[in-house]
Amino acid sequence: MSSSIRVTVWNEFQHEKSHQAVIDVYPDGIHKVIADGFKTHGFENVRTATLDQPEHGLTEEVLAQTDVLTWWGHMAHGKVDDAIVERVHERVLQGMGLVVLHSGHHSKIFKKLMGTSCSLLWREAGENERIWVIEPGHPIADGLGPYIDIPAVEMYGEHFDIPAPDTLVFISWFKGGEVFRSGCCYHRGRGKVFYFRPGHETHPIYYQAEVQQVLANAARWAAPGKGPEFAYSGGRAINAKVPLEKLD
Amino acid sequence: MSSSIRVTVWNEFQHEKSHQAVIDVYPDGIHKVIADGFKTHGFENVRTATLDQPEHGLTEEVLAQTDVLTWWGHMAHGKVDDAIVERVHERVLQGMGLVVLHSGHHSKIFKKLMGTSCSLLWREAGENERIWVIEPGHPIADGLGPYIDIPAVEMYGEHFDIPAPDTLVFISWFKGGEVFRSGCCYHRGRGKVFYFRPGHETHPIYYQAEVQQVLANAARWAAPGKGPEFAYSGGRAINAKVPLEKLD
Amino acid sequence: MSSSIRVTVWNEFQHEKSHQAVIDVYPDGIHKVIADGFKTHGFENVRTATLDQPEHGLTEEVLAQTDVLTWWGHMAHGKVDDAIVERVHERVLQGMGLVVLHSGHHSKIFKKLMGTSCSLLWREAGENERIWVIEPGHPIADGLGPYIDIPAVEMYGEHFDIPAPDTLVFISWFKGGEVFRSGCCYHRGRGKVFYFRPGHETHPIYYQAEVQQVLANAARWAAPGKGPEFAYSGGRAINAKVPLEKLD
Amino acid sequence: MSSSIRVTVWNEFQHEKSHQAVIDVYPDGIHKVIADGFKTHGFENVRTATLDQPEHGLTEEVLAQTDVLTWWGHMAHGKVDDAIVERVHERVLQGMGLVVLHSGHHSKIFKKLMGTSCSLLWREAGENERIWVIEPGHPIADGLGPYIDIPAVEMYGEHFDIPAPDTLVFISWFKGGEVFRSGCCYHRGRGKVFYFRPGHETHPIYYQAEVQQVLANAARWAAPGKGPEFAYSGGRAINAKVPLEKLD
């Protein structure tokens, strides 16, 4: 199924320049593999952007041409310019979809959109994860079986300090004894946000077919709707001076 | 935008045989106008079914070929066979979309799916209604402005005894002083349910463009997903005898 | 902290008469242990009721004097009289709290209130369960640590065919590889419903301090509010003939 | 019913120093009237704090002794120190309740907790408002009838750019034709947040008995729970190095 949804895959792209264990798994960067996954699923307009590019590759022009932005970051959250975070935030409220991946839970943009610490438990022990589908009728579960098995992961555990999702699609089980809300849908402004847990810089998780399936589903779900627009910008409320009905 | 979603428009089709005021507005039945609206929006597979047909027109075969069922009833809820209600219920849990309209709030199938009385306040005074979009990024709001104006309606007011919707898309304002949650999304089993308030047998509401737009949007949203199937039938839990992980 | 909340602990009380393994754990019935737990937590008005009593012990009078009803059933769901189920359902809509326990997921009253099959996966292997707190600010989590460990349980796994809870308080982890939404809050009508997974006829789970703590918390949360009453009964909508505002 | 919940009523307290029309209604400040309302409802520990005090009256010590903070601001949102906003935010995540009033929708703390613009429509025309109870079993509706009438208000209309509330308790109707989600509950971290629309500097709304009732209910609901604590501070995830279960 081909798609004209315009996806921009953002990656901080730091680990892949400095850590051999990461280079071994993602020699061209995590973004390359994620972008390839979208192409496999028929997305015809996929670009990438990274931290070291001017304006982190997220210029006004790029964002204006982006329907869905995916976000991967880990070691350099603090290096993301606040002005760019504002710009992305504004675009999400206006309707752009945002898919936040794995360690992106601590990105500035996700914390700003959630309003909470977005903190969690974690452990690097290479244990296995099983991601259960909780809402089988949700489009983000399309093409999946009752669960996804991932053989070796970094664990993320509850309490995950996020707002309760509008729709909880996945819950993860970890060998070491934890659970995690790993597929979380949110409406924010006119935009849609999906947090998806899997993925790590030293595990080849973004090569896995089910994970790529979920990302494709998520982009389709998060693409902008055609509902009414709203003057989100500038922080001003709107004076509806003339009432719609006659007042006494 | 053409669509291969298979829609069955169900109508009890009673008022239109006996009440002249209804015949004047819907001479071929409410279902005819609703079905025409879907066709206008590119739906290529639209059929109708009514109470007086054998099995109310909802045979196993018809339901097996239905992606989304719309339901209009009012004066004859009690005449709907419990066995057919069970059959529709089962199909919804398996993934069929259900769009319940106006006085369908008191239909057996809606009450069974909601688990509450689904009762409300009402008044027939021909006052006007304004339906506000609350979740502008939701696909059911596609193509709408900030609100829909309906010039003359039967009022439905809170308290509306339903479960809080998974997503509340619309809230109605009525001239006489009431409000109403008038666009309510639910996941139930593998299926999706949308309740949409507008529509009445003596007001030409299903001819209105925005209302037809919402119905088309709702059918697209409610169409079955491709997520994992589940053995909902027969009321038996599933013995997962062999654990996925080694027990001690 | 003493409480005047009037609790009725309902138990089908069948296994405890016929299965030695159950008698060994609950010689006076599961209801006795649950009721004792409430008393430990300061509840001064606790009674019990069982299937074999006239009207299953749930007469109009008993229900009229019940603020919160807890429900345990397993092998005899089908023997519960539909008229009693209607009566309990009506009372919940009017404001009575309902706490449904473990295998009560397949009780008539829970299925009626949920509108879904309430089915799930299960396995009897005596594995351990860890119940994680997902919403740490919810009153049902009062007095708990980050999780409750239960050493040996019957497993319940997703997909659990329920409506998404209004608030999800707990998620369970099972040794064998499954997860489960094990603490689920619902508003239904004017009443509140809490489903709590733990408990089984052959494991001494209702003796466990944290489980008793959750049941006490749940009863406090589910006790009737003092909000506006509503004419839920009789299935009639209410004609608000006189508008609150002047119509043209 | 007396209460030991410690409430701090915060008010920017600017209009009441400069605008005669405001002084006429609230000669000692809006906070005085709100605080008196809490006392009427049996709250024994009520203090006030205002913008012009050192640290806006919200020192570490004051917040440490506050169970529930209420927030009224309008013309001076921008003058609230970001460091104080961070401090309040942190306390909410740790468990302090926050009740945001009327024009507080555009306060820094509310926008930070919501993650959206929190913008809306407004009109000053002195029209009447009717606040309908949507969730009659919720404790914030205690003691109310089906609706609250307020004779003259500033209108706030949808679209209100907030996350869908965890629980929507009230919806407002306005004479001029708008609706508004006017009672919104949120869990954020270990804390609870309630947004309540009514109130304005030139209308005597905080003197109204039903409004004071809702504020008392809201403080009781939002008071800190005794659930598990979590290390929200400092933005660090927690390394759960030692697994709870044996890994291979």
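Assorted remarks:
Chains here go by letter, A, B, C and D, matching the order in which they are written, and residues are numbered from 1 within each.
Keep in mind that, in the parts below, a contact is a pair of C-beta atoms (placed from the backbone, for glycine too) under 8 Å apart; a residue touches a chain by one contact, two chains touch by 3 or more.
These figures come from a predicted structure and were not determined experimentally.
Put simply, the chain farthest from subunit D by mean CA position is B.
Of the two chain pairs considered here, A-B and A-D, the higher C-beta contact count falls to A-D.
One inter-chain figure worth recording: subunit A and subunit C are separated by 37 Å, centre to centre, where each centre is the mean of the chain's CA atoms. Separating the centre of subunit A from that of subunit D, both taken as means of CA atoms, is a distance of 31 Å. Shown for subunit A are the residues in touch with two or more other chains, namely 130, 133, 135-136, 146, 157, 159, 164, 166-167, 175, 177-178, 187, 189, 228, 230, 244-245. Chain contacts here are complete: no pair of chains fails to touch. By the touch criterion stated above, subunit B contacts subunit A in their complex at residues 95, 130, 133, 135-139, 141-146, 166-167, 175, 187, 189-192, 224-230, 244-245.
Contact residues of subunit D toward subunit B in the complex are 130, 132-136, 146, 157-159, 164, 167-168, 171-174, 177-179, 181. The touching residues of subunit B, counted against subunit C in their complex, run 93, 106, 112-117, 119-123, 125, 127, 155, 157, 159, 161, 163-164, 166, 175-178, 186-189, 228, 230-233, 235-241, 243-245, 247-248.
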